[in-house]
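Next, two complexes with chain A in common: one pairs it with chain B, the other with chain C.
After this line comes the complex of A and B, so read on.
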């Protein structure tokens, strides 16, 4: 699958790109210079050869050098990825939990006012663009109320970044015992994490409602009901049976969330992996874009693997 | 008299539709509103879409400028209205690309199975695991930033979704008698695919259409916001929000806020309509409990 993603993006980007050497050399380059850039980047070789060279390096963990900064792509990605995870993981935990519980709750109250309201809200959350809600939140909480931290990075200008150990400002600050930095980092995290959690919760709510409805309408739940089991036990049965499909779904949502994270990072000048990737796309840095895409694909594969293992543990039926 | 009776009937039908799926009614109304705006914006709007008013730069909303003016002295209300044109110009053609590419692929994959089917399923796996907005961003920025490119890329990325829906429908009816009798009476394969199978498999894809149009709108606006795709001074909503982003911290919210609201209403309308359409066509959800 990873190979598929890499191949597809490689082909799409490479076939579509106008001559990259022209772009890199600028308007005043002569033919010899263009030639030199092309051979430096290996662009004068046939496309399939370029692809095999690239994949050959990729499997050895070599993402190549950035066309613009000239540094190894992997070195650019690694520290930024931690910053992104600082946003993504807590938001996903909060949003996923809230979405799933609201979804199951509205399935139990099918057709009620609660159900309609939560469905309406989820559809609305589904329709609101991430970046716009981010901008509006900054306007409200920073410009008007003045309670949010300035949307410029992970810590304020007055704070000194702690010694990097894990790369996470939060954890490093705690390790160094510098609680001012920890509080400052939390202050900067609050708004983007809250927005991201809402964005994540909306689709999970929508789908977990349908999943739980299917379970509630299933024969085995009707049977449990007709046996006279107390509602509390029936509810337990429904929740346990909905959990595995909801988890699978949450996994595919998590990979989709990487796009939302990238946009939020752009707005909050977070300096993470997503912002870096978008900038790479804008500046036409082919090696960096490929690295960005490959890391996202790797991340998806990792998420799917973890989810599959969790489902295996949750659902005895899938163990054969 | 006859008119009055048909009026009552129409009202009756609307009431029944409202009971069965209120979201469909509300969603279609919003979409109709969008189409109307796109048609009439040239007549209704007080200024030109890219008309610069040198005396009114970054003015807050007022009676003369309902949504205020932007940093170039252009009227935000006018530009938001004209944005509806871009929304339609993106949603409709990209939906056309999705269907024109996806549906035949799904018919072929479902009917023949084998390698075609295998390749299609693999492609879908890849797309499912990958954020499509990022794919669209990367491809559009590489292939050049024009309306046509945006539409084609969005349509192509979404086509496999339609292929999958049609494919599973085809597989479920491929073995039925009417297909077999069409084969033995000597119909050519294209006729079986497009005359016999297509009408029986298109319902699911049709119900999906508004949802994917909502998605197309979101993606094209996102592209424009990031700076790939349609660019200011074109009055595309994403591009307008991008223009307004720089004024947010200093408190001039109106440049970004109003196009965002318009975008949300349009996307929400398509989503509601699609949700309602699925409610109307999916018998599984009709079980009242």
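After this line comes the complex of A and C, so read on.
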């Protein structure tokens, strides 16, 4: 699967987009210089040769060099991926839990005011563009109320970045015992995490509700009710049987959000993986784009593997 | 750690300049046009000379393009023919690494530019420099193939950038004998600032060169912060978290003019928003069709709808700041005249054309849409085609020149008419993306390049402008302006032709 992703990405960007040679050459370079730059980048070789060279390096963990910065792509990715995870994982935990809980609760209160309200909120979360919600949140909480941190990265200028251990400002600050940095990092995380959590929660809420309703209306739950089992036990049965499909859905959302988080990173100047990937695409930095897509693919594979294992554990029926 | 420099006491912050830019530099090579690079490197690499300037009663500073003053060089002489210049370097110019500026640094840097054939190489060729040699440790001789009025102006630029080779070459390798890889991520200039930390995708931190021999800049440290969203750059400025917000769209600038939390100043600049017409592609190979386009545009409406009434009408291929500027473009809105010209060209029933554009400049899409709409009223049937930035950049580049009709903005780094002519419309100009080739025009430029008599020179320059206006391969519309949006206390900004902010001139009037 990974090879397929690498191949398709490789072909798409080489056929579909312009490379970065013009940017590297500058507007005053002559045609001969432009060709020399393209030759240095290996772009004058046949496509299949470029692909085999790239894959040969890839299997050794070498993602190539970013044409724009000249640094190894893997060195560009590593700190940025940590920055993105610092944003994505807490948002996913909060949004996923909130979405699933509200979705299941709505299913139990089908047709009630609570159900309608949560469906409306879910629809809002679906409909409102990420970029708009981010900018509006900054306008309200930073410019008007003055309670949010400046949308300028992971910590404020007044804080020293802690010695990098994990790359996460929050964790490294805690490890160093620098609680000012930890508080500052949390302050900077609050708004983007809240926005991302809402974006993640919306589809999970909607689908969790549908999944839970299916389970509630199933024969075995009807049987459990008709046997006189207490509502608490029926709820446990519903939740237990809903978890596996909800987890599968949540895994899908997580992998999709890794790509979508780039817009939020742009707005909050987060310096994350998504923001870097977007810039690489716009600049035609081929190795960087390939690295970006490969990492997303690897992340997706990892997430689905974990989800599958969790489902295996939750659902004894799947073990046979 | 460099970040320690940005601690929070009021006094310290007073001398720390925080700038919100579109992108932190990804490369520190001034010859490479990656976002954030030139914005920062103009403050690291300085030239042998600089522009003199005047200061108005309100503190506004304006450069004088004909007044060139010493900078890294303390004096110079030239021969009668103005084809040989000998510069005496200041003995007290020392890099942040502690290395004195030597003639060998200048020679090596200029020869590297020639070898790389990029921006520095182009400027070297444009200045007609054929040889740079060290006479001794503190004297450099430039030999030109012909006299060039723009030579000293080009020496005032940040590139060909003068590198501290004593430091740089310590990092050379067999595969990289010029240490280009190291220079991409580190600075080695003799300018006012040097890089102390680069956090890719986040910020670049600079400090004053402790060995800078001139008046020490007010701002001891500069943080160039990446803030991609323009609305956030404005919000940060209004909130007092940054002192300068770069690249603010004009529709937001208009609302900031009366905002007491910000200060907005502008100059027309040298980059006009212009239509470029590929004269090799039908129907634009017919001059009458090009002129018809020029007459079809409603320039006032363009200014109101795109430039919020703040644009300065461009009436020449040259910027107004150039000596010798004349208002050669006398086209105004006359759709009937446009239709008559089209009919004369054989298109009385109208003509199909394609206007290509991208989003390289904030005004590009809005201007394309407005122009397409206006042209439709003069019997042009316009197919509007939006392309990705990288694709459009390639199509409008002079090496490919495949776009038939498009928008462009060329910034002239030297305020000399022959520079703009040579770049944009001379037949072999590296920026000639219209395919315009006219021997009579080239002859005017060739003569102007070497003409020493001022009156004759002005006449040649005027004729050249008139010829381009008549043939209309380029139709300039407006100068959107170079806008400086800052905290109210910031003063001293001195606009330079490279259009980037030079931090050493700035201070804060507390």
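Points worth noting:
FYI, the second predicted complex is superposed on the first by the 312 of 320 C-alpha atoms of A that agree within 3 Å, B and C clash if a C-alpha of one lies under 4 Å from a C-alpha of the other, contacts with A are read in each partner's own complex, and residues count from 1 in each chain.
Throughout what follows, a residue touches a chain if its C-beta (ideal position, glycine included) is under 8 Å from a C-beta of that chain, and two chains touch if they have at least 3 such contacts.
Not measured: the values here are computed from a predicted model.
Because the two structures share chain A, they can be overlaid on it, and in that overlay chain B clashes with chain C. By the touch criterion defined above, A:138 lies against chain B and chain C together after alignment on the C-alpha atoms of chain A. Once chain A of one complex is fitted onto chain A of the other, the partner contacts of A:169 are absent, as it touches neither chain B nor chain C. Using the contact criterion defined above for the overlaid structures, shared-chain residue A:71 touches chain C, although it does not reach chain B. Shared-chain residue A:195: touches no atom of chain B or chain C. Of the two partner chains placed around the shared chain by superposition, chain B and chain C are both touched by A:284. Once the two complexes are overlaid on the shared chain, A:255 sits against chain B while remaining clear of chain C.
By the touch criterion defined above, A:110 reaches chain B but does not reach chain C. In the superposition on chain A, A:151 contacts both chain B and chain C. Once chain A of one complex is fitted onto chain A of the other, the partner contacts of A:128 are limited to chain B, with no touch recorded for chain C.
Once the two structures sit on top of each other via chain A, chain B runs into chain C at 382-390, and not at any other stretch of 382-390, 400-408 or 418-426. On chain A, the surface patch touched by chain B in one complex and by chain C in the other comprises residues 17-18, 135, 138-139, 142-143, 150-151, 266-267, 282, 284.
Against chain B, the residues of chain A that register as touching in their complex are 1, 4-5, 8-9, 12-13, 16-18, 110-111, 123-124, 126-129, 131-132, 135-136, 138-139, 142-144, 150-151, 210, 213-214, 216-217, 252, 255-259, 262-263, 266-267, 277-278, 281-282, 284, 289, 292-293, 296-297, 300-301, 304. Interface of chain C with chain A (complex): residues 1, 3-4, 6-8, 16, 18, 20, 23, 26-27, 31-35, 116-119, 121-123, 181, 184-185, 199-203, 223, 225-229, 231-232, 235-236, 238-239, 241-242, 388-391, 393-394, 397, 399, 423, 430-431.
Residues 17-20, 22-34, 66, 68-71, 76, 79-80, 135, 138-139, 142-143, 146, 150-153, 157-161, 266-269, 271-272, 275-276, 279, 282-284 of chain A touch chain C in their complex.
Across the complex, chain A is touched by residues 23, 122-123, 125-126, 128-135, 137-139, 141-144, 214, 218, 221-222, 225-228, 238, 241, 244-245, 248-251, 253, 256-257, 260, 263-264, 267-268, 271-272, 275, 284-285, 287-289 of chain B.
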